[in-house]
Amino acid sequence: MNRVKILLFATLRDYVGSKTIELEISAGTTIHGLTDLLAAKYPRLEKVRDSMMAAINREYAADEAVVPDGAEIAFFPPVSGG
Amino acid sequence: MNYPTIISITEEKLDLDALLAQVTLPSTGASVVFTGIVRGLTTRGAAHATSHLDYEAYQPMAEEKMRQVADEMRQKWPDLQGIAIIQRVGRLAAGTPTTVIACTTAHRDTGVFEAARYGIDRLKEIVPVWKKEVGPDGEFWVEGDHHPKLDR
Amino acid sequence: MNYPTIISITEEKLDLDALLAQVTLPSTGASVVFTGIVRGLTTRGAAHATSHLDYEAYQPMAEEKMRQVADEMRQKWPDLQGIAIIQRVGRLAAGTPTTVIACTTAHRDTGVFEAARYGIDRLKEIVPVWKKEVGPDGEFWVEGDHHPKLDR
Amino acid sequence: MNRVKILLFATLRDYVGSKTIELEISAGTTIHGLTDLLAAKYPRLEKVRDSMMAAINREYAADEAVVPDGAEIAFFPPVSGG
């Protein structure tokens, strides 16, 4: 098992109630798998999971990307800067 | 040639004249500065009033993505000279400039307008910044409609 | 709706932040500010260095023609809100902003970039302003290549 | 005969040696005719007359326009602001 630190932004932070959380994941877990874990733990994420975006080490990551050990993971809604 | 690329996420007030000077080279003849501004009154879509916006960034990733936007601009418009991409964050009142895309060229017909337009479009697509709107009817997060995951 | 149109021929230093505030309305969300800048080094055509330019205007006609440019911009892009067209005159050193075309809209996709581009093109075609270039090789008047007589 | 005041700018002013000049013209004189008079009096204008632009009361005027009594007339080279 790896311990990963996850950063949350905007609505997702509100839904989870925290800026950062830590989770135990097994080696080989993908972004998709991590999203399942999060949605199970924080049910309010379920309705937005299709629009959630993920980043691994500050780069956009696809659902099938494997979470590397020690990586910086972030989840956030579609960006709205400008 | 060493062309300036200025990337910044800041809580400070924007200073357009100082910024322009930073992207002006001896061979610069034209600049375009796009500025996004907090709209106090919106009529497109659901009409509403806004007293201010709270901006939040995933700062290190946002800086990397702003740099990517600048790189893309240079790749598409090789005559670009200076580029500045600034995102102001924090609580910003209606009427306040929030974002700047500034670029310079020797002449106005070598992509300076097109590059600035591209820059703000890309910033709104890929730079992880969010805003929460606060108005007389309460507050809510504004969400973009672009999903970079689907682009790749 | 009373939208601001600022027309000015001035010897004063340009202040982009103040200018932007003057063309920002409660419903403004986007601005484009084009600035022309005195090029110290020119490489297109006959390469040369410039230490400064002396700008001269036929002031009352220039103001009328700048107003015409603003009117044309509004006619072509009816979503424009504020417009500022400024021409600085007098002796201006390399690196100095000389002209500003600034315009604002509610959203960035309703002509604000196109209008600014059109504005500077038209200013250079019809506004009676001339510049004399002063450099290490002496001084000479720059002449435009547009003849409005032939347009009509 | 009408007395007209003519404003000159940029190179044209240099060629004439003065910012403003006054000329006597007969009623019905056109911009073209006025240009003839000027070029006769200031021969350096001859070589640029094809590119000279004229304004009557601060509006661009064609060669065939008649100069009205008391009008503000200006001649100048193609504009080069910006």
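First chain written, first letter: the chains are A, B, C and D, and each begins at residue 1.
The rule is short, and it goes like this: contacts are C-beta pairs under 8 Å (C-beta built on N, C-alpha and C of every residue); 3 or more make two chains touch, one makes a residue touch a chain.
Owing to the predicted nature of the structure, the values given are computational and were not obtained by experimental measurement.
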item	value
Distance-maximising chain from chain A - centres being C-alpha averages	D
Distance from chain D to chain C - Cα centre to Cα centre, in angstrom	26
Rounded Å distance between chain B and chain C, as computed from the means of their C-alpha atoms	23
Chain centre separation in whole Å, for chain D relative to chain A (CA means)	74
Overlap residues in chain C, where contacts from two or more other chains coincide	36, 120
Full enumeration of touching chain pairs	A-B, B-C, C-D
Residues of chain A touching chain B in the complex	7, 9-11, 14, 51, 53-55, 58-60, 62-63, 74, 76-82
Interface residues, chain C side, partner chain B - complex	14-17, 20-21, 24, 26-44, 94-95, 97, 104, 106-108, 113, 116-117, 120
Chain A partner contacts - residues on chain B that touch it in the complex	36, 55-58, 60-62, 64, 87, 98-99, 120, 123-132, 141-149, 152
